[in-house]
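Here come two complexes built around subunit A, the first alongside subunit B, the second alongside subunit C.
Let's turn to the complex of A and B:
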């Protein structure tokens, strides 16, 4: 009788020590990732904010605090204004094209038929190719003399434009190249979404005599709207981060006609060594991306709720 | 009766026409998507004379291996290949190891602050490298490590790749029943043992997703090596191609040979396991 409570305490103790032991292991397991993360990601973010308030310059050893001067300089810099305009133009051209074309491709290829796997793979192939290779390849295709596009035009008697050396064409051509590269990924996202649309709804609506377009706008579109929203946000973030294809295609030119955000940051920091100014531009880019990502995450939560 | 038959016949014919149109459209799209790759491939086997021909030479005649010979012997493309390959392998190995460890701990081990620590790492998924590149460069340069492969290995490992990996692995380990861990613990298994013997074998599918995604990220990485690396001995394939294509007197057949050479290995692996690739890459787009 007297021995009965004793093992109970012991067991409790043992469990507590096990849990304590466990939590030590927990810290050990996350430690490498977490420490690396603090040094490689968190610290540089803070440093970017600090740099953006100084006149840090690679060519000068001394750095002084200048407050918000860099931000004021940015806003009055005509090149930065052009950069913002062109980034906006890039995004606004890419967004609708991306969503509409990948949605069309997805509805074309969502049902299994002979060869659909081949077509999906073909459309997805550019996603796997490196952006640099893709950019260089299209620079070759869009060459003014002997480029594939202009040769084809010449064969039907049209003198092709200087695609990559034309102020108004540089951004649209970059958008086209980016579009073709990424469309397969969005198509796969949309195929998954379209296959999740409950067939009972469609059948019921068809029985009630709803026309095909009507069924698309009243059933399919609302059902896949979370995926559309996701693709919109992803496309926006990616077009804000565009760099490698611009570097390969036009190198920012002609002049500054295809400068976009990251290209501007790269030029200011590693072309002109104005680290302070480039950091201020980075901070602006960072804030826009954070805003968009938070939006996406909230949307995703609602999506999960919606599925339950 | 007869009208019904005619109607059936008409419907059948309409279905065939629709099917034909569908195939025609699909083939047209596939040609548009694949032709650039075909053009890259064939150009890399053309002689310099034939590259600038009008009308374009659709099929190389004669075929030549001179371009490949030149990029392997006169230019250090084998060196670039090695640099790309081993940095991508090390990055991927590190991401898989560290994010599986962290993902398991976040999913299955109770410890104080795990929620907040996970949120902090989650934020890393939205930190684009473009935003942190300036301090990363100045820090590495001040230590004399800028022109070194260390940076292009560890920055993705503990940056966006590691953060995404931790998230992915945590989601994966959450689906493993906790009873399994409890049972192993009662049998006296230590946490490292549970992790290695029970958890990792169950996570093969997620790990392969992570391997594909991280390897491609590293293989295709451009901005980071462009900013960090300065001596051409250290260049990776994308930098080598960029350098080659910006030379004065640049020759397209050489550039296309280099581009083909750096894409073909990835494309072969992609065509061998296309479904896994498509699922992995679009899932990373959706972040889980």
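Let's turn to the complex of A and C:
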């Protein structure tokens, strides 16, 4: 009788031993990924924070600690101030246009009809094209003298503007090119979300006499709100980090009229070799992205369906 | 216990990974102290202790075909010096980003190319080795064969060193489309040269007539206006033709706010926006397309056209004159071979530069690069380019006689020359965009850029 509990203890020990044994192997298996994450992601982030407190210049041997001087210099630099404004302008123009147009396209293409595959493919194709190739292609389309756009305008007697050499147009044109490139991805996300909206709700609302706009705003939109939230977050982050389109289209010009944050960072790091200043600008961009993402994340509770 | 072992494992593997990332202390990213002396590595033996061939690495811009051609061209040098060469190519647009990163990380090639706009930064930063001793050790290399001052101008440190040897210089000529001129019935640049009326005003007037003949045609394209890129390169010839420049001879003062500076810049502005004579900003139409009547470009562009199977006839003439006439020197940029002062094989790298910049080798490459060596510039090899090229007389008049007649100068780049260039470019773009008048734009540029000039 007294020996009966012993096997239970042994079984428990063996189980724990097996769990322990498995967990060790588990850690070993994730270790390469974890180390890669540390070395490729975490270490550069830490290095960026550290460099931002120094006057590091890639082509100078000496580096000294300068505290928050880089941040002070940046915040008092009129070009950096304009760059932040232009980046936010880019985001504010792109975000609503991207969400509304991709949702509109998804609404049109969610149902199967003859030719819908062609349209879906045509709209999605720019997503898989290299962003640099895309930028160069559009630079030719927007050429002043012999570009496609101005040639078409000339055919109807209109003298087209210098699309890429105009301080007012440079950012909107860049937004347009970015919009056309990325809209296919958001459209696919919305098509998947729209196809998941329960048809029973729509049928019940139709029976109750709800109009199409009412059904869209009262049923469809709440049902796809998690997808809208996802698209908002991704588009915001991507628009704040825009670079290649600007580099290929306007090279930041005319003057600094189309400088955006990442282009400014690139210019500081590889044009001026001022890594300390570029790192400080990177940290500011990081903080802006974190701030906007946290803001959106907290606001989701008010309007995202299925969320607590 | 489980947590302890896990933590131990994580730390152990992290340590292993970080150790693997280290360089074992064999390399350093620090340049030599003061930047003006050879490193101890420069006196290291060039042969490896084991007798195995030493591998020299070279960074150049261009494509794989160029790398293969250089590898072949260096075959004799490799055989004589028990070494091999590995040539890393890169698009010119990304070249300096890559080179700077590699220099900072201590992984740059033993030999690399640097253009004069960047040389001030690299040389004053101490990344380029002094080549003078190695170059002078071989009398046959003939240091006196180079154009005056072209070697000495790399001495940013003031120690009398030669920190780079030019393999290319960029004197430019006007390429013109014979077929288009004939179709338009407009007086040709060659006729203007012959009757002594070849000025910038005349050139823009001809361009205007071409555009009036066909509005889809561009009269003049002085630079790739799609992205101006480098306003100083683009404008230097015109400024000098009008007796001025953007800076004084030692780059200490901004001088473009002179009468000639404003006049010449205004002339180009008017050619773009009033005469419709010049391609507008934001246009990339190339001469090769046949839609440009006159384009300014460098010697090697002839090869692009000759091998480009164009369906029109073309020729070249010297650049036009301005108010300064023959006293307005032509501008040139230079591209240099430099040895990595922090590399493992500085002496061998310096010898390689001496070899590839000898008159024989530069003659071999003269179809691609115009070299500031008198012996190369007057050679039959350079002038007789063969079928599909302009006549030897045209080439001589455009690229050799014009230099002899007007002279040739570059800029004394400052350590912050890149920033000066960027600022100049930005303000020129703002002038083209209409944000400033020419005069106000130049005044604003002066205020913004003076900080980057030599102090």
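The criterion applied here is as follows: the second predicted complex is superposed on the first by the 268 of 308 C-alpha atoms of A that agree within 3 Å, B and C clash if a C-alpha of one lies under 4 Å from a C-alpha of the other, contacts with A are read in each partner's own complex, and residues count from 1 in each chain.
By definition in this document, contacts are C-beta pairs under 8 Å (C-beta built on N, C-alpha and C of every residue); 3 or more make two chains touch, one makes a residue touch a chain.
A quick note: this is a predicted structure, and the numbers were derived from the prediction, not measured.
Student: Answer with clash or fit: subunit B and subunit C placed together on subunit A by superposition.
Tutor: Overlaying the two complexes on subunit A (C-alpha atoms) leaves subunit C and subunit B clashing.
Student: In the overlaid three-chain picture, which partner chain does A:246 touch, first (subunit B) or second (subunit C), both, or neither?
Tutor: After superposition on chain A, A:246 lies in contact with neither partner.
Student: Figure out whether A:94 sits in contact with subunit B (first) or subunit C (second), or with both, or with neither.
Tutor: Neither subunit B nor subunit C is touched by A:94.
Student: Once the shared chain is lined up, is A:257 touching subunit B (first), subunit C (second), both, or neither of them?
Tutor: second
Student: After lining up the shared chain so the two structures overlap, which partner does A:163 touch, if you call subunit B first and subunit C second: first, second, both or neither?
Tutor: A:163: touches subunit C, not subunit B.
Student: For A:27 in the superposed arrangement: first (subunit B), second (subunit C), both or neither?
Tutor: So A:27 meets both subunit B and subunit C here.
Student: State whether A:171 touches subunit B only (first), subunit C only (second), both chains, or neither.
Tutor: neither
Student: Quick one: subunit B or subunit C, who's touching more of subunit A?
Tutor: Greater contact footprint in residues on subunit A: B.
Student: Which partner chains sit in contact with A:129 here, subunit B, subunit C, both or neither? Use first/second/both/neither.
Tutor: Touch partner of A:129: subunit B, not subunit C.
Student: Once the structures are superposed on A, label A:59 by its partner contacts, choosing first (subunit B), second (subunit C), both or neither.
Tutor: second
Student: Go through the superposed model and pick first if A:277 touches only subunit B, second if only subunit C, both, or neither.
Tutor: neither
Student: Do subunit B and subunit C touch any of the same residues on subunit A, and if so, which?
Tutor: Touching subunit B and subunit C on subunit A: residues 23, 27, 34, 39, 139-140, 145-146, 154, 251, 270.
Student: Flag every residue of subunit A that touches subunit C in the complex, lowest number first.
Tutor: 20, 23-24, 27-28, 31, 34-35, 38-39, 58-61, 139-140, 142-147, 154, 162-167, 250-251, 253-257, 267, 270-273
Student: Where on subunit C does subunit A make contact in their complex?
Tutor: Subunit C reaches subunit A through residues 2, 5-6, 9-10, 13-14, 17-18, 21, 30-31, 96-97, 100-101, 103-104, 121-122, 125-127, 215-216, 218, 226-229, 279-285, 291, 418-419, 422, 425-427, 429-430, 432-435.
Student: For subunit A, which residues count as touching subunit B in their complex?
Tutor: 18-19, 21-23, 25-27, 29-30, 32-34, 36-37, 39-45, 47-48, 51, 56, 105, 108-109, 113, 115-133, 136-141, 145-146, 148, 151-152, 154-155, 180, 184-186, 188-189, 192, 230, 234, 237, 241, 243-244, 247-248, 251, 261-262, 265-266, 269-270, 275, 278-279, 282-283, 285-286, 289-290, 293, 300
Student: Within the complex, which stretch of subunit B touches subunit A?
Tutor: Subunit B residues touching subunit A: 22-23, 25-26, 29-30, 32-34, 36-37, 39-40, 43, 51-56, 98-99, 101-102, 104-106, 109-112, 114, 117, 120-121, 124-128, 130-139, 154-155, 157-159, 162-163, 166, 185, 190-192, 195, 216, 219-220, 222-223, 226-227, 237-238, 241-242, 245-246, 252, 255-256, 259, 262-263, 266-267, 270-271, 274, 277-279, 281-282, 285-287.
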